[in-house]
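As C-alpha cells, here come the structures.
Okay, so chain A shows up in both of these, paired with chain B first and chain C after.
For the complex of A and B:
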C-alpha cells in the first residue's frame, strides 16, 4: 500500500522536474533564439519594442556581412587559432594531467588554474611587449600560443579526474609488463580516457573560439579572429544590430555543431561513466 | 630465472612500519608460498619485490643484481595482482600479448604463446572479449595468463585463485604446480589457503605483522611449528590448544584432570610449571576407554566424507578431533580420546614459542 500512497508525490516530483527543465531551457535558449531570429530581421526591427514575433525574414544581414567584411577570412583565422591552440593545449595538457594524477603533485595544475582565472588584461601588456620584441604581433603563432593559456588549464582539469579514475594497479601491471611511463601514457592511460579527451577538446575549442581579448590586441587585420572582428559592428554612433546578430549566429555555429556531433561522448564523458569497468 | 635475496628489508607507509626488517633467501627455481593473516604485509612484500613500492631500508637482490632502485619494468618479473588489474580497453588476447609486444617479440611467436596459455587456463573461448564481459573467475585466469605467457626471472602471485570455484581452483592449482616444474622459474605465491600453501610450496613463509614467524618446507611448518601462531595458522581445522600445568609426573588440564602418558611432555615444561599443550585434530585418536586421556563430550559432529570432525569442550576450551569417517557419534555421546604419541606440542604460555 505504501507504494501506492507514494505515487501522487512521485508524480508531483516528475511534473516539477519537467517544469524546471523547461524553465531552465527557456532561460538558456531564449537569448539564442532572439539572436538567431534577429539575424533575419531588418536592422530597425531588431530593436523594435515590443519585439516583433512575426516578420518578413530576410537574408540581408548575411549578405551584407559577406560583402562588407572579409568574413570568410576571419572565420579561417578563427579556425586556425582555435584548432592550433586546442591542439597545443591538448599536447601540453594531457601529459601534464597524467603526470599530476600519477605523482599526486598538484601544484602545477593549481598554477595553471590560477593563470586561467587571472583576468586576461593582466597578461596583455607584458605579452604585447614580448611579442613586439620577437616581431610576432599579428602572427598566428602569437595567437595560438596565447590561446593555449586558455585551453591548457581546461584540458588539465577536465582530464585529471579521468586519469584519477583509472585503478592504479592497471598502471602497475603495465609497469611490470615492461612499460616505461611514456608508454604507459600512450598505450594505457590515453586509450582509457578517450571520452575525457573529447570533452576537454570540445571545451578547449569553445573557450578558445569565444575568447576575444588577446586577439583584439595581438592580431592584425589579416589575422583577426571572428569574435574580435565582430566588435567592429558595435560602432561609435550607430550599431548594426542585424549584422551583429548575423555574425553572432555564424560564430556560434561551429561550437554548436561540434557539440552535437560528439553529444554521446560529451554526456558519458561529463559523467565519467565511460572509464569504469 | 633467478634467486631472490632480502637483507634487512624495511617497508614503511609514512609512520606505519609494515615490514620492520625481513631477511629471506629464495633459491633459484624455488616455489615459495607466503601465508599469514589479512593485513600482515604479504601484498606489500610482493609489491616491494616487484618494485612497485620503494624500499625504506635494507637491500633486495634478484639474481646477483641489487635492485633496490630498479624500476619494475626492468626487473623482468611477472605479477598477478590481487584485483587482476587487466587493461580494460584491450581484449583478453591483447591483454596477454601486451607484455610480449613491449619486449618486441615477433607476432607469430606471441600468437602461439597466447594460444598455449589460453588453452592451459581454459580461456580460449573468451580471447576476443574485453575484461568487462568476463566473470570474476575468468578475469582471474586472464590475469594468470598474462603472467605465464612471459618467461620472466620471477613470478609473483597475489592470491591468484581466491575467486575461482573449488573445482577450478584445484585444477589451476595443479596446473601452476606443474607449470613451476616445467618452467623452473622462481615463484613467490601469496595465499590465505592452507591447501594451496601445503600442496604447492617448496617452502612456506609464515608471516605475522610483517615479521617472518617461520620458514620451512610444508612438512616442517606442519610437524614442527616454531611457535603457537604458526601451529594455529597451518593446518585445518586449526590445532587444539589447552593450558596445562605439571602435576607430579603428568600434565594436568586447568580442571585438574591429569593426562595419562604425558610424562615425556611434562619433563619438558620449564620450572614454573605451566605451558600450552597443542594437539592437531588429526592427532587425537579414538582409543579404548582405559587408555583415554580425554573423555570428549560430543557437542557437534561434522561428517566430511573422508573423515568426521567431532567438536567438544575440554576444561573450558573448545577442541576438535578428526576421526575415521565411519565413526558417527551423536551429540551427547562421550568419546575416549588420546593424543597420538609424539604428535603433541608444548608452547611457552607467555611467548608462544615451542618447547622442545
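For the complex of A and C:
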C-alpha cells in the first residue's frame, strides 16, 4: 500500500483531492458567509457595485430590525409554535415508538410516512376548511397541531432504533417482576433512551422551526412565525438588503446551532432510518 | 396478559387518534373535496369528475407537470453527480477534520426560506455578487430568477447547492459500509482507479444511490418553499410547478375543489415515482 501511494502520480492525485475538497468547502460556505457579511454592512455598502468584502461593520441592520418590524413578536410566535409542536410530537410519538418496537406492529408508523411524502398543500386544503369551521384560523393551537404532523413522525422514526436497541431480556425480566407495560415504558425504557429523546426533540424543533407552508395560511398578523413573516422582510428588502440579510441570519441561527449538536445522528434522522449515518 | 395488551393500546392510542384526525381524515377529505365545487358563499356541491376533466383541459396544469418534471430531473441529476463526487473525495481523504462534516451540514439545515432570501440578494440581476463574478470573468451577466428561460435551472442550482452535501453524506455512509476486501482484490488485480470506480465501487453503491434518489425525489416533486419565496411561480409562469399552482389555486383564488384535484394528482405522481424507485431498489440490491 505505502509503496503504491508514494508514486508521484498518486501524490499528485492526493494534492488534487485536497484542492477539490477545499473548493467544495468554499462553494458551500461562501453564500452563507456573504449573507452574514452583508448583514453587518451599512445600507450604502450592501448594494455597492462592485460588491465590497472589506468594510466597517455595523449593527445598525439588527437594531433597525426590531424597530421597523415586529421581529421580536414573530420570534416569540415561532418559539411558541415550535416548542409546542415539539412537545406534542414527543408526547404522542415517544409512547407510539415504544409500542411499535414492542409489538412489531409497524403499520401505524408507516402511515405517518404519508405525512413525509405528501405535498403539504394536500393537508392544508382540508385543514383550512376544518379550522375555519371551528374558528381556529390564526390561533396558536391550529399552528401547533399542524406542525405536530411534522414533528411526530420524526420523533417516532428517530426513537424507534433506540428502543429496538434495548435487549428484550430487560423487558422480560421486568414483566416477570410484575411490571406492566406502562410502568416499563416510564421507569425502564424512557430512561434508557435519554439520548434518543434529546436527538428527536432537537430534530423535531429544527424541522418545525424551518417549516413554512402551514403558517403561511393558518397564521394571522399576531401569530405569524418568523419563517412565514419572511415576506415582510423581502418587501422591505428591495430597498434594504442589510435588514433582509440580518433577518435571514437570525432566522437561520437556531436550526444551524442545534443541528451541529446532533450532527452524529442527523443523517439517520433525516432519512427516517433508511441510512445509518 | 389481557391488561398488558390494553395498556400497550393505551400508550399507542393518542398517536393513532392524532394520525386519524390530522393525517388520514384530511387526506380522505381532500379526495372528497376534489369532486366538489365551492361557491363564493362557501357552500359546496357535488360535480363528479368535473374538476378532473377541467384539469385535463387546463393548459396551466400541463405546464405545471412539465415544469415539475424539468425541475425534478435537472436537480436530481445535478445533486446525485455532485453529491457522489463529494462523497468519493471525502472517503479518499480518510482523515477529515471534524469541522468539515459540520460545514457540509450547514446548507441543508438552513431553512429553505432563508436560502431563498440569501440567493435573491446574491443573484440580483443588477447589483448581485453572482453577476459581478460573471462579468469580471468576462462572461455575460444572467437575469437568473428574473428570466423565464433561466429560472428553473437557477432554482435547480440553488437546490443543488443546498442538498448535494446531504446526498454526499448518504453516499459516504454507503461507501464506508462496503467490504474493504473488494478494493484489495481489485488493487491486487491491478485495476486502474477509474476502472475500479466504474466497475466496482459505483455498481456496489447503486442501492445507496437509489435510496438517496427516493429521499430527494419526494422533496423535489413537491418543491415549494424556495420557489414561493423567490418567484411565486413567475416570471410568466415559468416556475409554476404543480405544487405552486395547486397552492395558488386554493389560497389565492379559493377554488378549493379544483386545488384538491390538483393536489390529489400530485400526490399520486409522488407515490408512483416512489414506488417505481423502490422497485428499482430491489432490483439493484446485492
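Keep this in mind: the second predicted complex is superposed on the first by the 209 of 277 C-alpha atoms of A that agree within 3 Å, B and C clash if a C-alpha of one lies under 4 Å from a C-alpha of the other, contacts with A are read in each partner's own complex, and residues count from 1 in each chain.
The working rule: a residue touches a chain if its C-beta (ideal position, glycine included) is under 8 Å from a C-beta of that chain, and two chains touch if they have at least 3 such contacts.
All values reported here derive from a predicted model rather than from experimental measurement.
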item	value
Contacts of A:96 with chain B and chain C, given as first, second, both or neither	second
Which of chain B and chain C A:114 touches, first, second, both or neither	second
Partner chain in contact with A:122 - chain B first, chain C second, else both or neither	second
Touched partner set for A:180, first chain B, second chain C, both or neither	both
Touched chain A residues, chain B compared with chain C	C
Touching partner for A:55 - first (chain B), second (chain C), both, neither	neither
Partner chain in contact with A:140 - chain B first, chain C second, else both or neither	neither
Chain B/chain C common contact set on chain A	175, 180, 275, 277
List of chain A residues in touch with chain C within their complex	4, 13, 17-18, 20-21, 24-25, 27-29, 31-32, 34-35, 38, 47, 49-51, 91-93, 95-96, 98-100, 102-103, 108, 111-112, 114-130, 145-146, 148-149, 152, 156, 175, 180-182, 185, 206, 209-210, 212-213, 216-217, 227, 230-231, 233-234, 237, 241, 244-245, 247-248, 251-252, 255-256, 259-260, 263, 266-267, 270-271, 274-277
Residues of chain B touching chain A in the complex	47, 50-52, 71-73, 75, 77-79, 81, 83-89, 98-99, 102-103, 131-132, 146
Touch list for chain A against partner chain B, complex	167, 169-170, 172-180, 183, 187-188, 191-192, 275, 277
Touching residues (chain side chain C, partner chain A) in the complex	3-4, 7-8, 10-12, 14-16, 18-19, 22-27, 29-30, 33, 86, 89-90, 92-93, 100-114, 116-122, 126-127, 129, 132, 136, 161, 165-166, 169-170, 173-174, 177, 187, 193, 208, 211, 214-215, 218, 221-222, 224-225, 228-229, 243, 246-247, 250-251, 256, 259-260, 263-264, 266-267, 270-271, 274
